[in-house]
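One structure is given here, and the rest of the page talks about it.
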Amino acid sequence: MNYLVLAPIVLVMIALRFTRLNILGWLAVWWIAAYLAISYGIEPPLPSSIIGMFMGIVTLALLAYLTVRTDDMNFVKRAAIRFLTDKKYTLPLALTVIALPLLAAFNVYLDAAKAPQPPAAGRTVHPPPPTEITFKGKKIDLVNGVNPYRELQAEDPEAFRAHLANGRKVYFQNCVFCHGDNMEGKGLFAHAFDPLPANFQDPTTIAMLQETYLFWRIAKGAPGLPEESTPWASAMPAWEHFLSEEEIWDVILFMYEYTGHKPREKEEVH
Amino acid sequence: MRRFIILYLGLMVMPIMLPAQEKILGTEAQREAGKKIYDQKCAQCHGEQGDAHSVATPFFRPQPRNFTSGIFKFRTTASGELPTHEDLKRSIKNGMPYTGMPPWPEFSDRQLSDLAYYLKSFYPDFGEYGDVQPVALPKPPAYSEASAERGRIIYEENKCLDCHGNSGRGDGKSAPTLKDQWNQPIRAADLSKRWTFRGGPTRADIFRTFTTGLDGSPMPSYNIQPPEDQWALVDYVYSLGQSERPNYATMATAKGITEAIDLGRGRALFDDAPPALFPVAGQVIEPGREFYPGVNAMEVRAVYNAAEIAIMLTWHTMTADTLGRNSPLLPVAPFDPQAPVAQGGEEFSDAAAVLLPSKTPEGVEKPYFMFGDGKNAMDIWFADLAKDTAEFFVGRGSKNIEPAGNGGLSLVSQYEEGEWSAIFKRSRVKEGGLSFEEGNFTPIAFTVWDGFNRERGNKRGLTSWYYLYLEPMHKESPLAPMAKSGLLTLVILLGIVAFARIKYNGKA
Amino acid sequence: MSKRKIPFYIISLIVVVSLAVSIKNVAESWQLQRELARAQSVAGEAAQQAGPQITPENSHTVEYRKFPFVGSRVAVWVIAELHLMFAAFVLAVPMFALIIELIGYYTKDKRYDHLAYEFTKLLSTSFSFTASLGALLTFMLIIYYPKLTTYLIAIFSPTFLPYVLLFFAEAGFLYAYYYGWGKFSPKVHIALGVALNLVGTTIMFIANAWLTFMNTPAGINESGGLLSVWGAITNFTWMPINIHRLIANVAFGGSIAAAYGAYKFLGARSEEEKAHYDWMGYVGNFIAIAALLPLPFAGYWLGKEIYAYSQSLGIVLMGGTFSWLFIIQAVLIGNLFLAANYYLWVSMERIEGAQRFRKFIKYLLASITVCFIVWATPHSLVATVEEARRMGGSHHPMLGVLGVMSAKNTAVNILILTTYISFLLYRRGNREATVSWAKLGNTVQFLIFAVVVSFVVFLGVYGYFVEAKVRIGLSVPQVLSVLFAMISVTVIDIFMFKNAKSIGPIRWGKIPARAQYALFFLAVTFTWLMGLMGYVRAGLRQHWHVYGVMQDTSPDAFTPTLGFASGVVSVTVLIFFTFIAIVFWLSGLSGKKDWEAGTGKTAPSKGGLDLAEEGQS
Amino acid sequence: MKNALAIFGFTVIVTLFYWYVGQQVPQKETYPPKTLEIRPDLNTAEMVEIGKEIVSGKGTCLSCHTMGQSGSLRFPDLGNIGAVAGTHKPGVSDVEYLAESIYDPNAFIVEGFLPGMPVIHKPPISLNDDEILCVIAYLQSLGGTPTVTMQTSHKFSGAAPPSQGAPAAAAAAGAAVSENLDGPGIFAKYGCMACHSVDSPAKMVGPSLYDVGKRLSKAEMYESILDPDAKITAGYPAGVMAATLKGGGFYEKVSSKDLNILVDYLVSLKGNK
């Protein structure tokens, strides 16, 4: 949130409440205010694709508002026709007719003058997992599989704690450099990678996934991403080459323990 | 006997001291609350007992602080004294950039305080010496160029350059020998990168750091008089780095030039090319893991003409290692957490490499960023700085790197005041391989080996994929599309006016 | 074409339909497939298969054939979609024709009866379109996807004959219902309507079994062999799809009927005609929106079942390749709500006294816009590297929270409540409560809204702090509280406005033309949405014909881009509306019903039904 | 008419608008996983995939070898073979070592194991050179990074018939399809020869079946196949065959017809070859 931008906008909108502006002016102020708030009022700034989409929706809504009342519409229509036909407005009309094409041309110029951007690639953040993977020759069922040590939590808390401790060790010797001490994806080397390492504290990451999904992502890493997750820029290694199956399950236990999230369970079969 | 008296006296004053004690050491409940946080968030690195014996200790350099030693680097108190309560809180909250200690903005003031109380319980003296008084920090006067210039003299007079180097890049002559209190190698700060300052990047931070010193490290405290000179030194250090934040780039832009690319001109060739700074991370993934790379950033510039392209890599390193040899093929023993940190020696030279896909990629698919993969090969332009010729490798994975002659590459390199520059040159077109075309984005990545750090093979610093953009020499004039769009708008507008006039004239 | 000839045309149509249906039946047998294959080989097309000469013995080895120009997949896709759209319409129209007839029967308001009849008029032509398209689809499947078709026939063989027989029953009931209008006693006629609907729904359920089996196969062993037909029918997504389609059909049919009213309104010459069609458009729209409201919940159930069947399939749907499709869907649904509300607001102009509610429009609009924005916010954004770095990843710290289910559930619930409020204001337009407790009633209603909105928002926010299982469960109290608000407020309203004072009449017909365009907008959006959802349901299988059982090995096995799919859906929608225009035109030819008799001078209704009350003028 | 045109125009505009929305989202085509055939232009990653299919299918390697298990094993575990292959014989690269282990399995025996692996580039398994290259690629990928390409040569290259360009995956999967095999064919299909010899009284992992027709009745053979641990030939460990067959899915996959043919074949083995 950028309050320096938002505060004046709010003030102007409050002032607007007490002024008698005609519908066109009113809509124009709203449109500009929405544009400024969306483009500059949010920190960090939104990507331009999103600004475009939001403004599209706002424009649609304001157009709906303009046309919802017949008297408003007639007012606008009459004003437009007057502007287009009345002799009195010839000069401003002529100016508009000249200015708008210039503006359009200038816009093209700005586009051309913009610094080139490296090709952007939309990534699929949660790619669908395969139904099973082969881990060191062993098939791991991702659909119906479970973390084999999860049940210890209830059955043998002592053993479960041992697995957690092992998971903690694995995490802090392998994962912490990128995913960070607090599992927020802000490790020592995180700033050097794009996409940035995943933030496990975020309730929209591991809290939404089954443990087998994590196993797949850890074991297969970026090289094992399916095609829709290209461009494979992720630096996540395929840990199957460096960790044992037990270590991976343990670190998964630890990740949930540390963040306080619960893994998604397989939906009940009805 | 004497000890007995002290104990006796101590017992006598105990009732009086208790409230004061509580202020310094906190209540049982506060320490307990601190311990809870500590055990969950801190013990992995600083150890359950606060003694920095932990699963993660060997993986970080500088190593996590040992709280039982009572030595703290970042304080507002005089050299050798314990830090204040606020100092501890600040260090936890802000963390230390470019070390394993992250900032903890999510801790509330109360949590920070509880933690600080608990940390103090690891070292008994906190209770004994009463409340430590911070050294008063004067309000910083405004920065001035003149003061910075004067600061250069203070910098020289106080022998700062012995460690920090003539240009402040951390390359002083005694820098390679520095060890901390625990006999661990330690590096002098690179003063040209203020964002890496552990104690903070502001002028007040710099002032505090050199007036109070960094206990446990070879950085002593300086009492420079008169006080203006203290600020002159601060201003000089401040003037060495351009900003508090690294301005990391996402792409490098190659500038088109018309003259021939003459490597004899060296760095001057790139005077007009915009620099792009890329962060370098340790290769912590595959065997040969490098947890503390010697280089943390690399600057890239590039120029091209009709026939050739030249890419210059520059980076800061403490020593120019031009003895020994280096190669991506050299074997590395697996990381051994038990082994002491090895450095120095003349076995391995400094080296750097430019990594590029072997073929212009179709779409967004690139070789795996490590050293390519079986599906997509990677070109490695390699510079062993002990030699003056470039080498060329094709990578299909870390264990599948083949030397392939020199790949048509030429190389010049130069070390000056803590900064290496290595310039590669190649013809822009390669039959059946990667060609550089005007207006195209080519994926590019970099790797750097610090010989002093005994980096070689897969033990290295690396970047992820970025892009190299060849800025077209002749930009297409936007006039035609501008005219087109303007005319189209004009026609539409005139159409609207004509329609309205015919239909509504006189009726509105 | 004179009036007298109409029955002749209808009979010919019936003959054609029955023929098509029986041919379809025959076509499903082996025999025809071999015939076709042989015919093809005779025609020399076998050369195109680049395979050996086809003989009776090896003809079943052909797995795919190629449709010229656009390819088999697109051809079957378009035909299937058209068949489905018509089928939806044909199933939905009797449903609300019956509802409206019932209302007319109980209120003794002749207008409803006429309206129901007019809807039914659209039916007979659409029915033949549906059947023809169905036959075409079957042929295309047999010709272009013989392997898949054979497999499905093998699994579902016991269901085909009942299906076809039910089709005959459907035709019989339909024409009896249509031609028997006013000829049977009302009770018999209504019974016919009920039977028609039951048969139609059963037909849809059977067809749903086939297609849901392809998504979530059940009742078979690992190698695809049949274990139980009943198991294959009652697969994971069968019931959710049944319910989803049942509701969606009503909404879709309502919107098309409203479009019909709008079309007639715009072409109407007399005031009375205008009044009638204005009212018809209103009723159609009302039904469409009423059915739209529960639709998202049925959708969530379907999604949940897909997730339960397989995490992979669930993630393909919600998080993977198709996550962007749901952003397009959000735009469509946002537009639906916006247009539906817009129609209500504009149409308030024909209600005297509704001017006093105008000032609320901007708040309702603001609420809709904000919810629309939340719903359309993607989770992972398209951003340049520079932008992504400023955001600190591909998730924006602020928008990231809007991109997930908790936020979207909340947004859709509030959208529904807002639409409900618009309707409430519309309903009160020309009336003023006279009961002594009116003020208290208003306060209580307001409090209910306030509490429910805060509760829904609270649950939405709370959803970020609990595990996935609980979070998914939270949508239930959200929905229930919204339902509670709608029902309790409606009940209070009914009592409060029991003997309300009328401020002025509803001037049917005095509605601006742009409101009618809003109805068209709704119809097109609904249709497009159906096309898109059809695509995602089928596309979900990716390179499988039957998920996990039979792989698609044809050259079309890849999943096309969303842009391409949008193109196909757009073309399908345009073809559909061209056909619909023909249906409208034909039903217009079949003679003008003497609707004049019913309007204008009916007695005020006595029932407590909303619709009936709206009908007052 | 004018109305109808206006409405149609409006419909077209709305449809175009949604089409436009559809163009604004990221455009990505997803292709189904490729079916792999052995072709000379395969890249290493694809070779690994094919190798994996062969190892668990046609090659019947997993009848004896395990992946990622430790403890007392009959055959060396392959879970980390890619990392250790280069270390077994000094001076021999991992590719050469793996090739030797496949073409000449008894040339070098890992300490603690017994010889007994059949050659697999000859009937009945009959992998060709290209398939074996893929197997090597896959073995390298287990714990290591594969380096071989289709052009890699080693000292055994040419020992087996070259590839006919047959689809390897299909061939590998072919094991599950019922074909009209004779007794030896079925014996080969289920990988029996990995543990039992039929042409000589040589002891392998399991007892030789050279003269089984003389030793066992038909009923006993059925029992030994379907419940191997019911009776154990003296000198052989229990549980081995059961464990192996479970891994290979023998019980589920063998049809009663195949079982009959197999037993008939075994009955015919009377040691007079």
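Note that the chains take the letters A, B, C and D in the order they are written out, and that residue 1 is the start of every chain.
Note that in this section a residue touches a chain if its C-beta (ideal position, glycine included) is under 8 Å from a C-beta of that chain, and two chains touch if they have at least 3 such contacts.
What you see is a predicted model; the values in this text were computed from it and never measured.
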| item | value |
| --- | --- |
| Pair joined by more contacting C-beta pairs (A-D or C-D) | C-D |
| Distance-to-centre winner among chains (Cα means, whole assembly as reference) | A |
| Distance between the centres, which are taken as Cα means, of chain C and chain B, whole angstrom | 58 |
| Inter-chain centre distance, chain A versus chain D - centres from mean C-alpha coordinates, in Å | 44 |
| CA centroid of chain C to CA centroid of chain D, Å | 50 |
| Inter-chain centre distance, chain B versus chain D - centres from mean C-alpha coordinates, in Å | 49 |
| Residue list for chain C, restricted to those that touch at least two other chains | 321, 324, 382, 385-386, 389 |
| Residues of chain B engaged with two or more neighbouring chains | 248, 250-251, 373 |
| For chain D, residues that touch 2 or more chains besides their own | 26, 28, 30-31, 144 |
| Chain A-facing residues of chain B, complex | 40-41, 44-45, 54-56, 59-60, 98-100, 102, 104, 106, 248, 250-251, 278-282, 284-287, 291, 337, 363-366, 368-369, 373, 441, 463-467, 469, 471, 475-476, 478, 481-483, 485-490, 493-494, 496-497, 500-501, 504-508 |
| Complex contacts: residues of chain A adjacent to chain B | 78, 80-82, 84-86, 93, 96-97, 100-109, 111-113, 116, 118-119, 121, 168-169, 171-174, 176-178, 180-182, 186-189, 191-194, 222-223, 230-233, 235, 237, 241-242, 258 |
| Residues of chain A that touch chain C when the two form their complex | 1, 42, 44-50, 53-54, 57-58, 60-61, 64-65, 67-70, 117-118, 120, 122-131, 142-143, 185, 194-196, 199, 202-204, 207-210, 212-213, 228, 261-270 |
| Residue ranges of chain C touching chain A (in the complex, touch as defined) | 236, 304-305, 307-308, 310-313, 315-316, 319-321, 323-324, 334-335, 338, 342, 345-346, 349, 358, 361-362, 365, 368-369, 372-373, 376-401, 403-404, 464-465, 467-469, 512, 514, 548 |
| Chain D-touching residues of chain A, taken from the complex the two chains share | 49, 53, 122, 124, 134-138, 227-228, 241, 244-245 |
